[in-house]
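Below are two complexes that have subunit A in common, paired first with subunit B and then with subunit C.
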Partner chain A sequence: MPRLRLTGRTLWITALIVPPLAVMATFVAYPIGSALAYAFYDWQGLQRGEFVGLQNFYNVLFTEPFASWTQRAFMHNIIVFFSLMVIQNGTGFILAYALWRELPGAAFHRVAVFLPVVLSTVIIGFLWKLFFHPIFGPVNQIFRGVGLDFLAQPWLGQSSTALGSLIFVNAWAWIGFPTLVFLAGMQRIPTELLDAARMETDSEWVLIKKIVWPLVAPSATVVFILLFIGSFNWFELPYIMVGLDGSPFGSTDVLGLYFYRTAFGNQSAGVQDFGNGSALAVLIFLFIAVVAAFWTVRLRKREIQL
Partner chain B sequence: MARLTLRNVKKRFKETEVLHGIDLEIRDREFVVFVGPSGCGKSTLLRLIAGLDPITEGSFHLNERMMNDVAPSKRGIAMVFQSYALYPHMDVYENMAFGVRLMGLPKEEIESRISEAARMLKMEELLKRKPRELSGGQRQRVAIGRALVRKPEVFLLDEPLSNLDAALRSEVRLEIAKLHREIGGTMIYVTHDQIEAMTLADKIVVMNNGRVEQVGSPRQLFEKPANSFVGTFIGSPKMTLVDVSRSGNRLGIADGGSVPLDELPDKTPHLKLGVRPDALTVKREAEDGFTASVVYTEYLGDDSYVYARLADGTLVAIRTHPNDIFEPDEAVRINLNGSPVHFFDAESGQRLEPSAVAAH
Partner chain C sequence: MSAAAEKAMAYDNKGILGTLGREGLLQIILVANTALMLFPVVIMIFSGFKSNMEIFNQPFAIPDFTNLTNYVKVWTQTNFARYLFNSVFVTGLSIGLILVLGTMAAYAIARYEFFGSNIILLFFLAGLTLPLKLAIIPLFILFRDMGILNTYWALIAVYVAMGLPSTVFIMTSFIRTLPRELEDAARMDGASELRIMVSVLLPLCRPALVISAIHNLVPIWNDFFFPLVFIQNDALKTLPQGLTSFMGEYTTDWGVMFAGLTLAAAPITIVYIILSKQFINGMTSGALK
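On to the complex of A and B.
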């Protein structure tokens, strides 16, 4: 067996590896591990009680009223995910295509589209909360100004439009990311390849469906996965725009808000429930990790070499 | 039937004009080669014919039909690209089927066309492979096959051999010639290699700087180049141009000797003499001829080529018997051996026709 000798080289390597490992362990592995552990205990406020096994998980999944809250929040996340998939990624693709085909003003729009991405979510949330103000907000003022009074709604104040408005704001803010990734994917397609296709079809739609999309799809993998993770971790934007309760009447409640409320309490229900909260956190984490990992593997298989 | 007519075709990219008015007539079933140095506008012209880039000015007719505004896919023209441009996400069969499916042909027709093309190009066993699993030569075949199955009236090929290694190049060249005989469509073939042009073409279009310098059969171009550019571009080793002055029936270089000729262009004191390597003789001892100093001798087995520098610094190539070996720096005399030579205007480079010189 080779003996591990403490030469200068091994010392050097050890010195480089240990600090980051320690940081990761303290600030990443330990919190995740302890959250996992917390989920198996009964909690009285911040006081740890007895080991209760899977009781907390059972509570949030099957005991009322938690079960229906969990379900409702989960459903909202699913709506958010699919809507953003269509609106954010779909529009992103179309924008990328327009930029790629050098429609007029492409240079300006390339920057404009990406600008909101670098704004902080907090700023975007506040900005749009103001924009959506039912009376003074520019959104409704514009609608009234152009005679579309019926569109002057309390967008964030009624159950039927609140979640949709949040989704819209998220898409507005993040559209630049899928656009840029798709654009990069399109720019990798050789010009002659596209010319070859143009020799065979004059339909832009066939071109997109049969040539451009299949060749860009691999770069979509990362966009899809990140959107998935983002949708199920959704927190900052709803927190800023509609508050911890997912108002009005929980119509914008999502897993992130629900977890936060459960674990840390809020104004209305001042109780903290670390046990149920941790169970929720673990479930969300597992769900995202498993689906994202599975999906990444699946999508990777489609990658095409140009 | 496919007859192509280009009238005063110009192409500008933004401000830069790259084609300055091309007039060209291409007959049905002709094998036409566009040849010229890199950057002279061959690909651009081909892309205008394909419809991939719009024509800035002038017109392009296919048969009687004006094509300027017809979409590329509607022109009945297929193109083989320099990079092959196969669809990387489709296998060979799908690559060939893509276009014909869009043409709306019935399934059996598509299948029979593809299997026929696969047989002609000897690639039946490749149909299920993806482009990345093919060698350069195989990709080339697929690209040709993809054009073939569409049964176009006109085939365009842009430097189809440039990505192949030398051995494969002459093989594929022969196959393309054979293909043209078998399918009989009109073919337009772009290359910068004059040997490819000479061996393949019925008609060669020599281009330079966005202009057509001359159109003609390989023999016409070789025997009667319209100007000094075509003269030096066609033929290998190259024709040498010598700036000479006329005095009686002799053409001479200042302090560099002179040669007698029976036929000369009229009334031009200064002109360019164009001589190919096999129109010259080189001797150590001779009374007459251009004086020159040998630079090196290139031994090629069947012949040797002697490269020598004339008094005015022009490098001239002379074909000799392989046993005639000249040493560098040897002083020699160079004479015409009676084979045809060419005369070009000293300024414009245009061909000058000679006539018999009156005896003195």
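On to the complex of A and C.
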């Protein structure tokens, strides 16, 4: 009966693997493949028109006003990414180091720093939008209360501070993530290794630089890449706090908002443009994929394995 | 100058680090950060119990916690309960499907040698890095053609697709660590493959299933982007999406807005406080090797 057993086994494996594969093929592989294809067609609303080659890409990259919108949004994403890299991941590393010492109350601090991470961006966005209200918001009430009246600004209402305020809120919400990933990395450093290193040097700084950081680097790679992908997909927080147009005057416009506006339209210009929208999606996607791939390879090189 | 004075000078020169010690400084950083994290949440909860007047005049005062006017208003005058139900239903069903389908694939890949298993695993893992948001236009058209736009199924389909890669990854690495002796013994006793999977191996997988469930719970429960595109019917909106229409309606009633935010934040916050360890493990598991 070996033949029968073999077919039974094949059937069993097929039954296990086909349903999940079908889901991935239908709802991941097919849409992503189509996204690429759609960008090469002319679109009339929801109706696909004729093949236009690279026309849509040319539109969003080189035709005004799209070109300067694309450029402005892209620059804002770059600012967001680098600021968060310093504020979110930098402070996260310091907090992780502090938590690693297991000082009294560390367990409580650990739970507190991660709390906003589990809250919806919608809740966080609305909460801080109310907090930043120029007159009634608690932020400005505190500044006025302690005599720092010059800091009581319309934070979300002026071009010079709006993007910075969004970055602050994002860092507030997400700082727990890098913190606890770094902490987990630090906790896995063998005690013998640390003790041996402490015999060699008195300087905690040297210890961090030579032992802690290199051993945490593998988790750092993932945190950096995730932040990169997240920064260039940024949508929910600006959508809730400054609206689809990236107000005021587009000073907070980022690729996510711009893509959504182009593809699905907005109140002021209710036109759907799936052609240009798809071209933008493909460009963002390629940019993320290429940078993330190269960067992963580079970062992996500096990691040391235990 | 005496030796003692010199020593005192040197001590002073070390500044804040010398006075507090390294541990003291780190403790101050932690306390300050925790205050910054919790203060906004506390103010949110407090303000939900206040009237506009109280919020504007004494924003930081402790409120009268028996004043539930705002909460009653949120619960009775808006679709809040409906949004909550939709979120629970969509999240629950999605995670159930993710765990079933993810375990099936992981089990086949980890437990059997067959042609193409590595390629199939890579196919799933590729999904880890693809931002599905950028495929929103084809998904929109696909769901329109399938006739499931503006139904729960559009959300569930996308969430299952989003959750499968990480679940297959977590479950495959876990199942590979389980000893083979158990199933060999069961096989000798003549148990069927299905029976071996369900009765012998799955009970051992519980910790990995919990990690996978939590890893998917937070992003699905909190998602706003896909409902924004796929759902227009107010009765089908999930909590984050419902919150946006609710906040648009009550723009001048701050107490009600804060009460709404507090209620919306409550379910996941309570579960998080009870299961904080599992939450932290589950959510950071993708970033750790």
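As a convention for this text, the second predicted complex is superposed on the first by the 298 of 306 C-alpha atoms of A that agree within 3 Å, B and C clash if a C-alpha of one lies under 4 Å from a C-alpha of the other, contacts with A are read in each partner's own complex, and residues count from 1 in each chain.
We take it that a residue touches a chain if its C-beta (ideal position, glycine included) is under 8 Å from a C-beta of that chain, and two chains touch if they have at least 3 such contacts.
None of the values given here were measured: they were computed from a predicted structure.
Placing subunit B and subunit C on a common subunit A by superposition gives a fit, with no clash between them.
In the superposition on chain A, A:A197 makes contact with subunit B only, while subunit C stays out of contact range. Rounded to the nearest 10, the angle made at the CA centre of subunit A by the CA centres of subunit B and subunit C in the overlaid structures is 70 degrees. Applying the stated contact rule after C-alpha superposition, one finds that A:A67 touches neither subunit B nor subunit C.
Using the contact criterion defined above for the overlaid structures, shared-chain residue A:L299 touches neither subunit B nor subunit C, since it reaches no partner. Within the superposed three-chain model, A:T121 lies in touch with subunit C and out of touch with subunit B [touch as defined at top]. Of the two partners subunit B and subunit C, more subunit A residues are in touch with C. In the superposition on chain A, A:V181 makes contact with subunit C only, not with subunit B. Within the superposed three-chain model, A:P19 lies in touch with subunit C and out of touch with subunit B [touch as defined at top]. In the superposition on chain A, contact of A:L215 is made with subunit B only, not with subunit C.
Aligning both complexes on chain A leaves subunit B and subunit C separated at their closest CA atoms by 13 Å. Comparing the two complexes, no residue of subunit A contacts subunit B in one case and subunit C in the other. On subunit C, the positions that touch subunit A within their shared complex are 22-23, 26-27, 29-31, 33-34, 36-38, 40-41, 43-44, 55-56, 59-60, 101-102, 104-105, 107-109, 112, 114, 120, 123-124, 127, 129-139, 141-142, 144, 157-158, 160-161, 164-165, 168, 193-194, 218, 221-222, 224-225, 229, 239-241, 243-244, 247, 254, 257-258, 261, 264-265, 268-269, 272-273, 276, 279-280, 283-284, 286-289. On the subunit A side of its complex with subunit B, the touching residues are 190, 192-193, 195-203, 206, 210-211, 214-215, 304-306. Listed in rising order, the residues of subunit A touching subunit C in the complex are 8-10, 12-13, 16-17, 19-21, 23-24, 26-32, 34-35, 38, 46, 94-95, 97-99, 101, 103-106, 108-123, 126-128, 130-131, 136, 138, 141, 172, 175-177, 180-181, 184-185, 204, 218-219, 222-223, 226, 229, 233, 235-236, 240, 256, 259, 263-264, 274, 277-278, 281-282, 284-285, 288-289, 292.
Those residues of subunit B that touch subunit A in the complex are listed here as 47, 50, 52, 71-74, 77-79, 81-83, 85-89, 98-99, 102, 132, 146, 150.
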